[in-house]
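Shared between the two complexes below is subunit A, which has subunit B as its partner in the first and subunit C in the second.
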Partner chain A sequence: MHQLTSLKWILGFYTALFIVFLYGPFLVMGIISFQQGPEGGPQFPIIEWSTFWYKHVMGFAPPSRVAPLPVGEALFRSLTLAFATMIVSTVLGTMTAQAFRTQFKGSGFVFYLVVLGMMVPGILLGLGMALVSDQLGIARTWWGTTFVLHVVYTFPFAFLVMLAIFNRFDSSVEEASWTLGVSPARTFRKVTFPMIFPGVLSAMLFAFTLSYDEFPRTLFTAAGDVTMPIAIYGTFSVEIHPNLFAFGVLTTLFSLALLTVYAILMAMSVRRSQARSSGIQEEIA
Partner chain B sequence: MMELVSLTKSYDGVSVVKDVSLTVENDEYLTILGPSGSGKSTLLRVIAGLEWPESGTVFLDGLDIGDQLPHVRGLGFVQQKYALFPHLTIFENVAFGLRNRQTDPLRDENEVRRRTLDMLHLVGLDDLGGRMVGQISGGQKQRVSLARTLVAEPKICLLDEPLGALDANLRERMTVELRRIREALGVTFVHATGNEAEAMAMGDRMVVLDNGRSLQIGSPDQIYDLPASVQVARSLNAYNVMAGDTREGVFYHIGHPLPLPPGILDARYYAVRFGSLSILEAGGKADASDGSIEAAFIASEFVGSRMVYFFRDDHGDILEVEQHLSRSDPLDFSLGERRMLAWPVAEVLAFDAAGDLIAGTSRGIAA
Partner chain C sequence: MSNTAITEQAPINSATRGNQHGLLRGKRHYLLLAPGVFWMLVFLVLPLLMMVYVSFWTQSTFAVSPDLTIKSWVAFFSSDTYFGALIRTLRIWLTVLALTLVIGYPTALFIGQFVRNKNTQTVLLVTCVVPFWTSFLIRVLAWRPMLGKEGAINILLQKFGITSQPIEVLLFTELSVVIGMVQIYVVFMVGPIAFMLARIDESLIEAARDLGASAWTIFRKIILPLSMPGVVVGAIFVSVMVLGEFATASALSGRKVNLLGNIILTQVGSLKWAFAAVIGVVLTVVMAIVITGLLRVVNLRREL
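Let's turn to the complex of A and B:
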């Protein structure tokens, strides 16, 4: 009994520490983002609370010696890239996982080949891609070379998520659909896809977030057209102003909004499946 | 009419279905009896096109459908685990095939509605159309699964142990229901089961499958009265089978002499139906002409209208005795109590070394 109590304390302490390390940086960033401007810098104590740096990010602040963040285009690129990567990786990941259900010859080897994409250090892959495209005379663009590398990077994650989903999937419902005269393609659309949808959502989330803050692969392949993480890094290397933190808070809120959408979709899907098994749902027909 | 022509299927070099040929008539109820692992599920899956056979093919109304995908074969398939669509209501489950099938899908929603409701009515689920799959019981799921298949009016409907997951009470009711529904629609049913009582009760004809081979095809009473081989006799779970050999017209079951019908010289297996055995009074002697063996009582089982007594003979073989309660009251024995079990020699079936029924064995049809 005594041992159990001390174990509880140790685990509790560990959890508290974990939470501090997880949210500490964000908290600091949040506080400093309300620093007085434009004279105040990233330091404690706060000289005076203000929303100056938020206005500065949005472009409402009066001109000062601090240059505005070059984020407009970078943000557009990052979001476009993340969105495109999410779609392509999820589709590819789902198709590949679907192929693995048939246990084709050499599937073990292909599995490692696919997973290698997330194992290879990003900086090497980025550098390699830059060299190859120069050799072959392919222009380095964020929508070309960078996009390809983002897909290479996120596709294995989407694939692994879908593989886990399909492992628990009972294929007898698909067989039932075929024997009812429904073609395999329509069966996938009408039966398989609705049933694996929660997994598809997770795969999309993975692909989006991984691509959204991808750094090393983008650094070498996007040439001059930077994405968000690189634009931010670029401003760091000159001088750090609290406008970065204000921007950080805003993007984090944006991510939270995305996560909320994901959670709502997921909850809806889970609630529907609970209604299926417990009988809460009222009769519809 | 459907013809199976020497279908053979194996997994990783182990054959599961071996050279099965069979003709399924129109408007008949055919049952396939086989223990688990006999290949009956695989056989149905090969017919439905869900598995590819190594050799052999399937003809449906004279047309070779052996290389067609499942969705163009036009056969219905009811799976043991129902395999209902969990994201759809009962109504949508039943209407699914009508709306989504490749050949001739129904565009007219009124027609879909009419046929689906008719079918739900036929299987007795009128009020459950709006429920989700998780909200209905096992027996209801079974009927939804059946309705979903039958609403498309397939020529032939394959049923893979359709009653396997139901409890005994429900199983008996569904037995009657299945026959009624089949007769109402005139669809051919091919019903695989591991339960010999189900196979015999439901089939117009039955096939006995063991180890991937079709052992005997015929009407249930034909097979029950004259199993073609000792394997068939065993799978019917209605015969006491004893192994031994024959010397001068007498069968020796590990040294114990048992009388044979006249003219049999090479029997290696000796079989008597459970119902043909009678238990003699303590210390009683069997008629000299009857077969008899002494055995110790192990257990008894009350099965509704009959009692089944289990005895063990001196060689360790279990002998079952079935007694109809309409004829006599149940008997009480103490564990290990030794009794003489006797049977008329005319009830004996004999099989040769290959396990085949020896011609000339004939037995009066006992009730």
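Let's turn to the complex of A and C:
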């Protein structure tokens, strides 16, 4: 027993180090985003603390040799794309997982076909799609060719999440509803959906995050219209400036806000279902 | 019709449910499956087949024509640059895979086995995932001020007198690419392993301990085998992402380390479609071998 407690402390300490390793660059990013501008570069030491690069990202800074990030348009495209991808992937994922609740012929094929979507590296899919549209003469657009690839990428995640949810799902409730003569569509709306809602929320979160940050698939298929990751990638070839890090800090805060909304929705959904089930139990008693 | 069917079968348990309204149920199935399958066939399988097809086309300076040839294939395997990139990709992939496993496993072990409180477990896992809400590319770029000659690590090392000279191999080398990739992908290893470890029935371990098994034996005979599905899933995630990488390599190596992905990118940039397709097919084959190999170890569908 004594041996195990010391092991626990060692592993705990190791985990702390591990988290420092994960957050290290993050911390550096935060510090350097306050570098003096516009002369200060993305390195140590900090010449003078300033919020110049934040103003630069927001477009308030006086014009300088550092080109502003195309925040407005690119961010709009990224968010629209992520939103559309989220809706389509979650619907497809839920439908397919629903079909998987009963045995059917060819389920293995469908399973691997769907999972293939997350297995194939983005660069290959992007290349393939670029070739197809090139040969068929289809214009490459962020809302067309890019969008369908984003769904190919995120739909498997939604599918797997929903599959895991349905596996732990007590179907006797649904059966009771059918036995009472409620139509399948209504049963899904009134019984199944509220029960799987936490899963749907996770699937949506997955799809949105993955699409929002997606990059290799977009690179090959969006032609001239940049999304946010492409805009950032564009700065690779030129010099990088601390405005990227300021932007990183801002988007992280935005994402954390989104995550908080998700957590609140999740907690509410859990509480509601608990309240409901305890209410039912009281009625029975 | 459905009413009579239900009243007849209602007392019988759910085992017969599958046959309840046989025909209708079967059709509903296909309706549910059709959109997803269609989407994947058209937007996933078709592009991949196209890539294989184009790899046999004839490449002229700025265009491809559909006259079948194996010229591009011969060019790939006879060129030291391209074959070298394949070897380099495989080497970096294996290094990153091994490192993510070695670095990630103890953390997963701590979260999955030693933290018994479900809430603390969730908090720790979420802490690991939070950096993912920062753009992947910005996280990669943040390594530059860390590793550079006047970067954070060199400053710290010199301040504490561990080194007297700045270490220069830290940035713009293969090492920096490996460091960057390990940090970005290690969480994909930690997550699945911790998930599997947390599912282990505690009474199993207690029983083993009561029977006098040492901590090491318990680890080797119970914990390790039961965590294998997690290791495999993590390894698949990491492999898929590292093999298709190019951004980390170009950001942290100053374009000195060229992976297969980087070469695809430059080939497409100079409109060498056929050649890019060849490299794409090579990458696909490597990936297929790796994934089927890993899936041999564990049945993914059963473990979900």
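Following the convention adopted for this analysis, the second predicted complex is superposed on the first by the 267 of 285 C-alpha atoms of A that agree within 3 Å, B and C clash if a C-alpha of one lies under 4 Å from a C-alpha of the other, contacts with A are read in each partner's own complex, and residues count from 1 in each chain.
Note that a contact is a pair of C-beta atoms (placed from the backbone, for glycine too) under 8 Å apart; a residue touches a chain by one contact, two chains touch by 3 or more.
None of these values were measured; they are calculated from a predicted model.
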{"item": "Subunit B versus subunit C as contact partner of A:Pro229, first or second or both or neither", "value": "second"}
{"item": "Partner chain(s) touched by A:Phe155 [first = subunit B, second = subunit C, both, neither]", "value": "second"}
{"item": "Subunit B or subunit C, by number of subunit A residues touched", "value": "C"}
{"item": "Partner chain(s) touched by A:Ala267 [first = subunit B, second = subunit C, both, neither]", "value": "neither"}
{"item": "First, second, both or neither for A:Ala67, with subunit B first and subunit C second", "value": "neither"}
{"item": "Contacts of A:Tyr14 with subunit B and subunit C, given as first, second, both or neither", "value": "second"}
{"item": "Touched partner set for A:Leu256, first subunit B, second subunit C, both or neither", "value": "second"}
{"item": "First, second, both or neither for A:Asp170, with subunit B first and subunit C second", "value": "first"}
{"item": "Which of subunit B and subunit C A:Gly181 touches, first, second, both or neither", "value": "both"}
{"item": "First (subunit B), second (subunit C), both or neither touched by A:Pro194", "value": "first"}
{"item": "Residues of subunit A contacting subunit B in one complex and subunit C in the other", "value": "172, 175, 178-179, 181, 184"}
{"item": "Contact set on subunit B toward subunit A in their complex", "value": "48-50, 69-77, 79, 81, 83-87, 89, 91, 96-97, 100-103, 129-135, 145, 148-149, 152"}
{"item": "For the subunit A and subunit C complex, residues of the former touching the latter", "value": "3-4, 7-8, 11-12, 14-15, 18-19, 21-26, 28-29, 32, 42-45, 92-93, 95-96, 98-99, 102-104, 108, 110-111, 113-125, 127-132, 134-135, 148-149, 151-152, 155, 159-160, 163-164, 167, 171-172, 175, 178-179, 181, 184, 209, 213, 215-216, 219-220, 228-229, 232-233, 236, 240, 244-245, 247-248, 251-252, 255-256, 258-259"}
{"item": "In the complex with subunit A, residue positions of subunit C that touch it", "value": "3, 6, 10, 14, 17-18, 25-26, 28-29, 32-33, 35-37, 39-41, 43-48, 50-51, 54, 103, 106-107, 109-111, 114, 124, 127-128, 130-139, 141-146, 148, 150-152, 155, 183, 186-187, 215, 236, 240-241, 243-244, 246-247, 250-251, 261, 264-265, 268, 273, 276-277, 280, 283-284, 287, 291, 300-301, 304"}
{"item": "Interface residues, subunit A side, partner subunit B - complex", "value": "170, 172-173, 175-184, 186-187, 190-191, 194-195, 272-273, 275-279, 281, 283-285"}
